[in-house]
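Shared between the two complexes below is chain A, which pairs with chain B and chain C, respectively.
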Partner chain A sequence: MTFDVVYGLSPLLVVALGALLLMLAEAFGKPNPQGLAPTGEVSDAGAGRAGELGMGAAVVLFVGAALSLGVWLAGPDNLVGLELTRPYLIWDRFTVFVCFTLCLGGGLSCLLAGGYLTEHEIDRAEFFPLVLFSTVGAMALAAAGELLTLFVALETMSLGVYALVGLRRTPRSSEAALKYFLLGSFAAALMLFGAALLYGATGRTDLAGIGQAIAAIGQGEGPGAAQVLIALVLVVVGLAFKVSAVPFHMWTPDAYEGAPTPATSYMAVAVKTAAFAVMVRVLLIAFGDERLTSWASGWPPVLATLAVASMTVANLVAGRQSSVKRMLAYSSIAHAGYALVAVVATIRSPAAEGSILFYLLTYTVSTAGAFGALILCGSRGKEAVSYEDLAGIAKRHPAAAMAFSLFLLSLAGVPPTAGFFGKLYVFQAAIDAELYVLTVVGLLNSLVGAYYYLRVIVFMYMREPAPGATLAVPMRSGYVASALVIAAVLVIALGVLPNVTLEWAAIATVGRS
Partner chain B sequence: MSPATKAVFELVPYLLAFGVGALIPRRQGTLERVAIGVVAALSLALVRGLWPAAADAATPAVAPPEEWPHLLNVIVFVPILGALFVLFLPRQTPALLRRVTMGVLGLDLLASLMLLRVPMSRGWHFQYVVDWLPSFGIRYHVAIDGVSLWMVLLSTVTTPIAAYVSFGSIKKRTKELCFSILLLHGAMLGAFVSLDLFLFYVFWELMLVPMIILIGVWGGVEKIKAAYKFFLYTMAGSVLMLAAILYLVWTHKSLAGYATFDYLALANVVLPRTAAWLCFGAFALAFVIKVPMFPLHTWLPDAHVQAPTGGSIILAAVLLKLGTYGYIRFCMGLFGGPAWSAAANLAGLAVGGGILYGALVAWRQDDIKRLVAYSSVAHMGFVMLGLFSGTRPGVEGAILQMVNHGISTGALFLLVGVIYDRRHTREVREFGGLAKVMPVYAAVFVLVTMSSIGVPGTNGFVGEFMIIMGTFVSLPLGSHGGLQAVLAAFGVILAAVYMLAVVQKMFFGPLTNPKNAQLSDLNVRETIALAPLVALIFIIGLFPSLFLERTRDSVQVVLERYTEGRKSFQEMDPSSTVARLLPRRGGALETGYPEPPGQVDAKPPDPSTPEAEAALDPQQGQP
Partner chain C sequence: MLETYLPMLFIFVIALTIGAVMFFGGQLIGPKNPTPEKMMPFECGNDSQGTAGVRLNVKFYLTAILFVVFDIEVVFIYPWAALFKSLGWTGFATMLAFIAALLIALAYCWKKGALEWES
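Entry: the complex of A and B
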């Protein structure tokens, strides 16, 4: 029994333990005299040790990913002891798949940070414990089967990220952090309000119980039905904030741009993945009632509108950006739109849940890779952020440009990369669910998206830097390079031989009734 | 006679050709001599391959040589692996990179010549099927028939020429150039041989990036705009095609119970009217953009003018053929009904917008390359007209004309590149009287022009004649067929007008511009590149049956599918919204048909037992 629980929850436990250890190491370790800031100021003991701590954090997260794989192979259903954690944590195949994705995304971000923080002399090694704690929250969020757990997990995840955004202490970074914090708290408050209403209407806090109670309320005209609807709206809005769907996306570009790039990468991949996981679970388990999943009287048209708005607005705005980082921020909003298409498709297609998971996995490796390539293209004092910075870089640094192109092509969904299969799976699920209009809108949007991804490639390969402009000098960092290699291998492997992963994603369902 | 001696005897003609090629030209270095010799030997191999083997004629009982199933894999993946290999070669050794690229392309050409050893009877040849993503029903399924055979050969012949020409004029960033050419080559070949729609789509999209790099990195002044335009046009067509593919697959799955992307299986799906029209539209849009047909042709002149010579040759000779090939294979094969009903209108567009308008616009161009690009629009109009006619001579002529256009337009772009390398301008008025300073160049240009406008004895005549003949008797075009044939014939005259006008302005008359007085004639590299094309112009022009014989049976199959699709489409109740699945035809045409999962090697289970139904239908077992 105990073994089952410990083994089953091992990804979560290992990351939590690792976070504690890293925190101690960061607090009591010896500062590295070589890596101090030029002023000699010692802000904390972990100063100058970003590289080592980053490596440690990445190892912890990759171990977490490996353990997720182990749990998957053992089969969470076979670990009967895991029943103990229900309904607070539902540790099924869906959760384990998401945990793997989260650990992978977090690990890649930590590797990137190991190079980035050192290069840009940001002596804030608390980055790594924060990422780990936040990942713990994200994993718990993906597993949450009960409203209070859900809220605690959501806050655990978010608090870490708020701090990550403000890590730099530049005005820009602080502004971004404040914006994100305010809007994020607002969204959390909305969700909490929705949860309270749900509890009032149904008397339950576990999702499955809420689902049954809502089914029992049924078609009623009583106060319960209206309360459930209001709760649904509040919860959907709160979740839409977290996945940054249009029109709840206003914080995203600023927060993504202001944050240090590895933190951006972490936000883009892990936070979004966890938010989608919890969205699927809440919508399908708590609001999985026949009436609420119908096109006429439930959440599907709302989410479909959010999906169309996210894809269209984000893609159009992304094309107008002059900063690559900001473009990638908008692109992450657009990708949330594609994933929302799959969420809508869950109402009629059993394959849709798997398509969301697979999509999030491909999105994680491509986005982390793209941010990593952007990090690689800049060095101390010359961070590459705009298109102009990247002009002609392919001639000077072909490997960096090639890697960047690979991830962009994957984001654009050009075969044979991971991103293409992710999109294909999502749109196939949408066709299965007979959502033809959504599919066509999504595909046309991926055409618009391809334009601005291509623009980066055009700048890298076909333009020359303006005369007199400062040339971006790529950094040399084993950490960033290894993160890129891992991501690139995954992008190609998931693009050419995705079969096993596809089959696994297909059986990872939330087990709706 | 032992096999070894026989093999030596077989080699003698090639060695002779090599010797002759290597010895005749004077004042050349050893390397160039060897290169000329190799080209001569390869050309001979090509010509000999085309002819029905004399030995077989003497002993007709000899069974056709066995088909090596991996041959297509070799042809497709040698360039792709070569591209990856090039990535690991040092950037500082351009000569090595060029030689590796030419070596890989030459190897590919030799491998593709092996395809000619098998007579192209009905059905698929060199078929190779293996599961790729069984959970999605996606397989790696490649095969050729008499239609794709020529497309494969066209690309394996023209890409080395384009690469060779590029290496002459492009000296910077050789590594990227080699990588792009090889990847593009592999992707094009893959698209021509795929019989799985997913595989086809992967290769189709894979072509985009290297082509954009070819245009955008080594192109002219407006290269970036041209690259964007090319990318967006092509992508716009292909995303809708993806939607249609997914819809077809889903329909097949709901009818037959298992998912498959296989062409053979999807060809049996009869969609209800609206869906059929929409899916046909999505496929046709993708192909028509690629062809390109009026009014979606506007990317082509930009792409051609901005692309480097090598890129233009590949674009004109092979890439545009993917549109027409796709139309034959997928639009006519999968959606016979809508294709038949739309044929008359589309043919009008091909004649009016392509042949006539294209020719008139070409006439008004001052830039020679732009002129050739618009002439391309006109020629592709002929090809599409032949396809729309839906008659045997029309379709055979269209396939032949696809090859012809690849050869003659490829050669024209090459010739334009030659003069551009010397003068860095392509304005017609800059030239005049060039025949006096560049006699060989002028002669070759005139010859290729003759081929392009379809003078009898050259390849262009055969193709255009067959297309016009096919249009005249065409059934789907109905009463308009005659008019369209006449207008198309008028288009041939227009072609003569604009091509001969430019020839007259450039090569004859007084040598007015003093800058042209010192121009040198064709050099060795250019001659080597042009020689096979010129040879092919005459071979096809004088012996078209070599080509037509190999396409005949396959065209028959294409037309059978086409009429069958039309029949089942018209039999369907117009108000019906239910798709149907045709019974399997069986036979050579459906070898490699995707079996439902679980009964690949077992005999078909008895459908009356419940287990068998569950085995047939695992997807629907889930709630």
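Entry: the complex of A and C
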């Protein structure tokens, strides 16, 4: 019984324990002489130790991913003791799949940070405990089956990320952190208001119970039905903020650009994955009532509008950016749009939940890889920021350029990369659900999107740097390189052999009634 | 159900009316005879010195945050203490884990110098 619980929750527990130990290691470890301030005094115990601490954090997260895999193979349904955690944490195959994705994305970001923080002399090794705590929140969020747990998990995840964004101590970074914090708390407040209304209307806080109560309210014209609708709107708005869907995306480009790049990668990857997981669960379990999932009177048209707006606006604006990091931020908004198509498709296609999970996994490896390649292309004082900075980098650092191209092609959805199959299954699910218009809009947007991804490749391979321009000098870091290798292997493996993963994703459902 | 709240509404309206009458009534019909003393902001004791915006040391914020963190601990311990017997060893282990996490946080704060006022 106890063993079942401990083993089942082991990914969560290991990461939480790892975070605590890393905090101690950070504070009590011996400062690296290289990290000392010019005056020779110890500015911070974590100074100059980003590399080793990053390695530790990455190992913890990869162990978390491996344990998720172990729990998956054992089958969460076979671990009877896990019933104890219901309805607070619902530890089913859906959760375990998401946990794997989260740990993988977090681990890659930690490896990137191990190289990045040292190179750019951002001697704040708090980065790693923050990432780990935030991942604990993200995993709990993916598992949350109850409104209070959901809110606490959401805040645990977000608080860490707010601090990560402001870690760079430049005005840009502080501005980004403040913007993200204010809008993020605003979104959380809206969600909390929605949760309060839901509790008022149904008298329940567990999602399944809310779903039953809403079904019982049914077609009633009483105040309950209206209250449920308002709550639905508020919850959807709150979640749309977190996945940065247009028109709730305003914070995204600034926050993504101002944050240190590994933090950007973490935000784009883990926060979005967890937010999509909880969105699917809340919409299908709590708002899975027949009336609310119908096209005429429920959330599908709202989410479809968000999806179309996210894809179109983000793709159009992304093409006009001069900063590559900002372009990747808009690209992540566009990808939220594609995933939203699959969320809408869940109303009629049972395969859609699996396609979301598979899409999030492919998106995680591609995006973490793309940000990693961007990190690798620059070094201290000579960061690769704009397209011009990347001109001719293929000659100076062929490996970095090749890795960057691979991840960009995957993001664009070119076969045989992971991104192609991610998009393919999302659109397949949409066609299954007879959402033809959404599918066509999505496909057209993929074409538009290819333009700005390919533009980076054109600059890297076919342009010469302008005379007298400051050249981006690629950095040397084993941490970043190893993260890129892991991501590249996964991008290719998921692109060549998607079947096993897809079969797994297909049976990872939230178990709606 | 909403009728239950009707008295509340009355209280709001009455309170608002009384407040508004006193506030605006005084302004409208009260005699105005300003002297320098009357125009000063009201305060007990000595005349106020300096500007209103005082810069506070940032250390106060750190102390306040730490106080909140370790104060919330008690909020969780009270209900546990009240149900100590019925929660049994599981509850005890849970609380131990919680306090251990807090201890780690305390050690971290200490080592990082957050508890030192002079530095």
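Criterion: the second predicted complex is superposed on the first by the 506 of 513 C-alpha atoms of A that agree within 3 Å, B and C clash if a C-alpha of one lies under 4 Å from a C-alpha of the other, contacts with A are read in each partner's own complex, and residues count from 1 in each chain.
Following the convention adopted for this analysis, a residue touches a chain if its C-beta (ideal position, glycine included) is under 8 Å from a C-beta of that chain, and two chains touch if they have at least 3 such contacts.
Note that the structure is predicted; figures quoted are calculated from it, not measured.
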Discussion item. With both complexes superposed on chain A, which partner does A:104 reach: first (chain B), second (chain C), both or neither?
Written reply: neither
Discussion item. With both complexes superposed on chain A, which partner does A:398 reach: first (chain B), second (chain C), both or neither?
Written reply: first
Practice prompt. Using the superposition on chain A described above, determine whether A:415 touches chain B (first), chain C (second), both, or neither.
Written response: first
Fill in: Comparing the two partners chain B and chain C, which touches a greater set of residues in chain A
B
Worksheet item: Is A:27 touching the first partner chain B, the second partner chain C, both, or neither of them?
Response: second
Item to complete: Name the contact category of A:456: first (chain B only), second (chain C only), both, or neither.
Response: neither
Item to complete: Give one of first, second, both or neither to describe whether A:50 is in contact with chain B, with chain C, with both, or with none.
Response: neither
Discussion item. Please output the residues of chain B touching chain A within their complex, sorted ascending.
Written reply: 91, 132-136, 173, 175-176, 201-202, 205-206, 208-209, 212-213, 216-217, 223-224, 227-228, 231-232, 235-236, 239-240, 242-243, 246-247, 249-250, 622-623
Fill in: chain A - residues contacting chain B, complex
350, 394-395, 398, 409, 414-416, 420, 424, 427-428, 431-432, 436, 439-440, 443-444, 446-447, 450-451, 454, 457-458, 461-463, 498-499, 502-503, 506
Item to complete: Within their complex, state which residues of chain A touch chain C.
Response: 20, 23-24, 26-28, 45
Response to the item:
Per the touch rule, the chain C residues reaching chain A in their complex are 101, 104-105, 107-108, 111-112
